[in-house]
Structures are given as structure tokens and as C-alpha cells.
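Have a look at the structure that comes next, please.
Read from first to last, the chains carry the letters A, B and C; within each, the first residue is number 1.
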Amino acid sequence: MSVLALDQVRIRNDVDGREIVRGVSFTLEPGGVVGIVGESGSGKTITCRAALGILPEHFRIAGGRIDLDGHDVATLTPKQWTGLRGSTISAVFQDPASYLNPSLTVGSQVAEVVRVKLGLRRRAARLHTIELLAAVRLGRSVFDQFPHELSGGMLQRSLIAAAIAAEPRVLIADEATTALDVTVQAEILDLLADLRDDTGLALVVVSHDLAVVAQFCDEVLVMRDGEVVEQGPVEKILYHPEHEYTQLLIAEHESYGLERYLVSS
Amino acid sequence: MIRRILQLPSGRIAVGILGFIVLLAAIGPFLAPYDPLEGGADILAGPSGAHWLGTDYLGRDVVSRLLDGSRISVLGSIQVSLVALVAGVIPGILSVYLGAVFEWVTLRLADTLIALPFLVFAVAVTALLGNGIPQAMFTVGILISPLFFRVSRAATLSVARSPYVEAAIIAGASVGWVVRRHVWVKVLPPIAVALANTTGIGFVVVSSLTFLGIGVQPPAPTWGGVLAADLGYLSFRPWAPLVPTALIMATVWACNSLADAIRDVTGEAGRALLLKRSADVRARA
Amino acid sequence: MKGLLSGLVRTIAIFVPVFLVATFVTFALRALSGLSPAHLQLGESATPETVAKIEHEWGLDRPFLTQYFDWFSQVLKGDLGVSWFNGADISRLLFEGAIISLSVAGLALIIGVVFGFGFGVLAAARRTTWVDRAITGFMTFISVMPSFVVGIALVVVFAVALGWFPSAGYIPAERGFGVWLAHLVLPAVALSFDTVSDVARQLRSGLVAAYRENYVTGAIVRGLSPRRIFFRHVLRNGMGPALTVLGMKFPNLLGGAVVTESIFGMPGFGQFAADSAQRGDVPAVQGVLVVSVVLVVVFNLLVNVILVRVTPASARGV
């Protein structure tokens, strides 16, 4: 059974009446990876936020259906949402530094999730948190450090630790590697891939960068102006793109990417 | 900037009220229908055609006393803001340019002054240095000058560290030219905000002092004095305190709203700069 | 702990120069005022000889700096000298007055914290609704009410018309806690309006800004409850400005005592200041100023300690 399924989802901004997202569908199985590519403003992030139940004010799902682990999200109460977030679906975003409370140590924020969602006592939560930090390849010294004392890559690792602390079935990585150094970017992607292999975590990888998505997605959606212009298995999208926008994305990647220099030299 | 302030409803009302009050101070004493110091046989009278707001316990016309008393409030509050302006802005800007020693001294001094309860000092200085509102206002102005010191220093710092000023200095511009050409533009809006706020503080201080009877010789009319006099005869004229109260509150409100309006039209940059300070700018007795 | 310590060191580093400058200015007031105990004691009958004699008795004919260091070393020992007016020990008079004023200021501070936080939290929780607009409007209204206006209104309504509270005077706590408190309520409320409105407005804007931060989104996504998010994440980061304002309010609570104590007839610190100033009792006025500086600085020290403990981020200036 799928853990996350979107069926013809449409999202409307009630202020100007515009539809920001028009008809997005995909199905995510346990251990599966769906990628969403597109430039900023294409509706990728809003789609993810709808799946997390955190649409901004004045935005609402105007059509279609989102099923999260067997629940139709339209019927969920705020309390039920709180119960599902963290333990069924979670997310990490761009700019990791801003997603941690600057006044609390990193460890206490990861441990908070462990205590609240898993019901562990203080001491047990601390031990479990240190295990989680180890799982994202962070030392135990990070536990007592404040967010401003860590690098971007370490912050994103701690956020992943916090996101998987309550053992969710789906993790949304919304531009999670953007703005990180290239080497760090690769490490984070490797970490996500390992988590999927080890725990059967399903992933939604959102990026404007085709290379990130191509690395380990099963299915790819190409979005532009709120519409899915092309959708299919990653090999098909990369090697046999049908829509001209997808072709453009790939062509740009080829002409500005490293490949050009490799070929010519 | 002035036009944009007037486009805001609150800005229009605030400017209207302040204009009215300043006009009162300028020509009010000439408009007064009676001598504000001369009593009549008709004491504690209610409102009538002859005395619009009635008469006080000595039979003096209340309208005339309020009109005549507006001058001392307006001059006093303007004095507070101007003293604070001069005593704050100049060291504020210079603290960025004159080196570490001057910077340290002015910063400590600013911390000192703002920490002092200015009303206590105003009372003390008024009594010790001759019983007058100008002395008190001068003291209050000095004590709240750190408000100007901080905003002008912060704005100057942000300008001094910006690339275009560096470019100007590398290009050989003098310090004086940089201040005139680049610093003023950034410094002026927050200073205008502080000016409006300190004027409001000034009004409250003048009203408080005159209410207590400090800084003025008894027969002289003041808003605070009229209010205090009305209080003794509440059973005769229970509505009377409302008039001077409304005058004082409307003026203070107008000053604060004008400050907010300036902040709003000069944009987020000015707002961020003042966010931390707006609190103590509002500080009053 | 490191932050706490450096906060303390910084506050003390500010305190010392503040204290030195303030005491010097305070002491210079006498020289500037040209007042002397002779005029106070002899009035119109003073002759140059008697004035000189009395000034000599008080040691006022010595060089200015000698007098200053003499006075300053006494101040450090807690001795503020004796009043020109009646020869009473100023330290003792001020101590008695300060207990009254600090009782009122303390209660006003409690009212300011409780209602300021209450209104601020409510407005932020119901932001952009009519509740928020009503609270914001009310806060603006009470912020422009000078404390003497509030005081008068309170006396008229709660003391004269309703008779719930005494209209004036002060009863020491030894004579009964209830009576003591009853006498404090109205002046404290009058004094607190300004604090309530400023704390509420700062807290509201601080909380609203904190709610927009990404770490709140992060906490939501991790499945934390709204209540937990508010107390542990939003309040912690959003209350910094409100606490800072609270710290800066204390001088005003002390200064406001001059006005409220006059309205409510309380023989406190402010009344003592006003009376001494009008009598020209310079040592008493100097004592008032020194004590208020010390009180203000000690209070700021406390606020800084709290600030560093509660929101280390805002103390770092994040």
C-alpha cells in the first residue's frame, strides 16, 4: 500500500484566486523515491506543504485528493495532523540554520521529538538522540552545541536526525542540499539514500537541480507554472524527454555542466 | 516624505492635531477672551456663552487659561526634543569617526544617562537650579539624548560600513563630504521618528511637572495646573478635568502616531533600526 | 554559563562608570545651585558672617574636589550625610521612603508583567483578528494616558465612587498585609499602565515575528503540538524585546513615583525627592539621585541575568 498518494491535486490562492498548482499526481511506495524538478515558483514547494498540512495562509487544496498512509488529509483535524507529522511524514528544507531554534541546543531539539513522539524519558531520550546523531554521522559533542556553532552540512544532518527521530514513513527533502557546498551536498544525498536502504523510508526529493533528482529517484515530475509538464521513470525523463521544457532543462545541464569540459578535453 | 505621511489617515490626523496645538501656542494667548490671571465674581461657573468652559475657583475663565497655558507646554516639549537632538546626534555620528576612546566614552555616557529616572532628575534640577520649566526641560533633554545618540550612531555605522561610502573615501572624499552626502540621508528618517517621540515625552513631562506645581509660579496658567485646580472642585464641575486631560492625551497620541507614520513611510530599513529602540523611545514618566 | 558570566561582567563594566559619572554630576549640582544650608536655616535673616560660619561648620568652604572625595567615600560606606533641613540621617529617611516606593513599583511591575504578557500573548495568538486590533487599540490608548490622569481617574472611580480602595496614604505591612496591599493597589495600577502597554506591544510584535521564523515550521513538521511550540520555541525567542523593555521601564516606575506619590499622598521616595528639592535640601536630593542610580543598575543587572538565561540567542544579538 502506498504511503503517500496525490491524485490530481489543485491548490488555490484565495487572495487573488489564482491556482498555484494544477493537477499533480504521484504515488509513493515504502522505500520509493519521487523527484520533483522545476524552477522556483513552479509549485513544487507548495505541493509539498500541502502534503505536510502546512499550506500558507489563504492557500487551500481546491481539488483532488491527498492520501497519507491511508488517511484522506482533507478529513484530518489539527490534532490528528500533529499526531501524523513527525511519526508518519516529516521534512527537511533549504537553509538549515533557520529551521533550528537558536536558543536551544541541537541535542535538546532532537531529543524533544524523541520525548514527545516516542514517549521516552529524559535519560533514555538522550541516549536515543545520541544514536540518531550517530546515524546521521554526527558525534555526541553536537548534542550540547547551539545551532550557530555548527556548519551548514552539520545543521542539515541534525535536522535530518530530528526529522527521522519519530521514525516517519515519508521524508520530504525540499531543496535540502541547495546552498550547501558540492561535497557536502553529495554527502547529504548519500545519507538520504542510505536511510532509504536501511529503514525503508520513502523520499520526496524536490530540487531545481536535475542532477540531484537524477541521482537516486525512481520517478520524476517536471513542473512548470503549477503544472506537471512531464512525468515518468527517471531513465525516460533523462534520455527520452518529450516535453520541450524538459529538453531545455537537460540541454542547459549539458551545456553548463561539467560534461562539456570533459568531452572537449 | 511629508506627502507620503499625509496620505496615511493616522498621519493626517496626527499632523492636524499637532498643527492645531502649535497654532494655539502661537496665537492662543491673543485669542483668549479674558485675562487668564484675573478672577471674577462668578466662581466655579458651568459652561455658558460668556465662559465656554466655565470658570475656576477664583472665577478665572478656563478657556483663556488653557489657551494661555498651551505656550508653556509646546515650548517645553520642543525644547526637550531639540536639546536631546543636539546632545545626541552630534556625538552619535562623531562616535563612529573619532576613534575608539571617544566611542567608548560616549557609549558609557549614553548608558548612564538613559538609566537615570528623568522625572526625579527633572524635579531635583528644577528646584535646585531655579524654579523654571526651561531648566527642567534642559535636564530631561540631556537625559533622553541617548535615544538620538543610538539611532544616529546605528544609522551612521550602517552607512560607514557600506561599500559606496568606502568607494567615496577611496576616491578621496573628505569626512565632511561623506557625512553631508551619504550619512544624512540614512540618519534623517530615524531622527525624525525620535524627534516626534521625544516631543511626546516632553509633553508628558511638562504636564506632570505643572500638574505637581513644579517649575511654574502659582498664578501662571498651565494645562497641568488647570487640571490640578479642577480636581479640588470635582463635586461642582465633575466634567472639568476632561478638557485638559483630552488636550494632553491628544497631543501625546499625535506625537506617537506621527512617529509611527514616519517609520511606516520610510520603510523597513528604518523600522528594523528602530524596532529595538521604539520601546524606550516611548518611555515616559 | 559562559554567557551568564560575560553578561554579568558586561553589566558591571557598565555599572562602574555609570555610578562614577552619576555621582559626580549629582555632587556638582550643589556647586551649580549656589544653595547653602545657611539660607535654609536662617532664611531672610542671613548675614554674610553667619552664612560663612554655617558653611564652615558644614565644611563647604573646602575645595570642591576635597568635598567630593569626602562625600564619595561616605557614600561608598552607605552614609549619605544629614539633611540641611532638619539634620536627620538621609540614609535612614531614604530607606524608609524607598520601601514604600519599591512596594508600589514592585506591584506595578507585577501588574505590568502579568497584564502586559497576557495582552501581548493574546494579541499574538489571535493576530490579525478583531481581538488583536482591539487589544492594540486599547494599548495605544492607555499608553498616552499620563500617570497622573490614570491616578485621578482611579481615585474618582474606585476610591470615591465605589469605595473599594483607600484613596490615599500608606500603611506599613506590619499593620496588616491586607491593609498594606489595599493602599498599594491604586498607585501601582496608575504607575503600571505605561509598562503594560509597552510590554504588551513589544511582546506581540516579538511573538508575531517569531511565529514567522522557519524554526516554527520546523517544529510543526516534527509533529510538536501548538502549545509546546508556543512555550518552548515562540515565547522563548519572542520575549527578548519585551524583557528588555521591562528592564528599561524600571527607571520610569521610580521616576513616576514623584507623580503618583503626590496624588496618593504616600510618604515615599518620590515625595521625599520633590519635598527636598523644593526646600533646597541639597544633600537629600543628592541622596535621592544616588539611590535611584543604584536601584536602577541593580535592576538592570537582574534583567540581564534573566535575559541571558531565557533567550541566549537574543543576548548574543541574534
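Rule of thumb we're sticking to: a contact is a pair of C-beta atoms (placed from the backbone, for glycine too) under 8 Å apart; a residue touches a chain by one contact, two chains touch by 3 or more.
Being a predicted model, the structure only gives us computed values, none of them experimental.
Judged by the touch criterion defined above, the protein chains link up one after another in an open path, with no loop closing it. Ranked by how far their CA centres sit from the centre of subunit C, the chains are topped by A.
Averaging Cα coordinates per chain places subunit B and subunit C 21 Å apart.
If you average the Cα atoms of subunit A and of subunit B, the two centres end up 54 Å apart.
One inter-chain figure worth recording: subunit A and subunit C are separated by 52 Å, centre to centre, where each centre is the mean of the chain's CA atoms. Among the residues of subunit C, none is in touch with two or more other chains. Looking at subunit B, one finds that none of its residues touch two or more other chains. Touching two or more other chains at once is no residue of subunit A. Interface residues of subunit C, counted against subunit B in their complex, comprise 14, 17-18, 21-22, 29-30, 32-33, 35, 140, 143-149, 152, 156, 194, 198, 202, 205, 241, 244-245, 248-249, 251-252, 254-259, 262, 270, 273-274, 277-280, 282, 285, 288-289, 292-293, 296-297, 300. Residues 52, 54, 78, 82-87, 90-91, 93, 95, 98-104, 112-113, 116-117, 146, 148, 159, 162-163, 165-166 of subunit A are the ones touching subunit C in the complex.
Subunit C makes touch with subunit A in their complex at residues 213-215, 217-226, 228, 232-233, 236-237, 310-314, 316, 318.
Contacts from subunit B toward subunit C in the complex involve residues 108-109, 111-112, 114-121, 123-129, 200, 204, 207-208, 211-212, 214, 224, 227, 231, 234, 241, 245, 248-249, 252-253, 256, 275-276, 279-280, 282-285.
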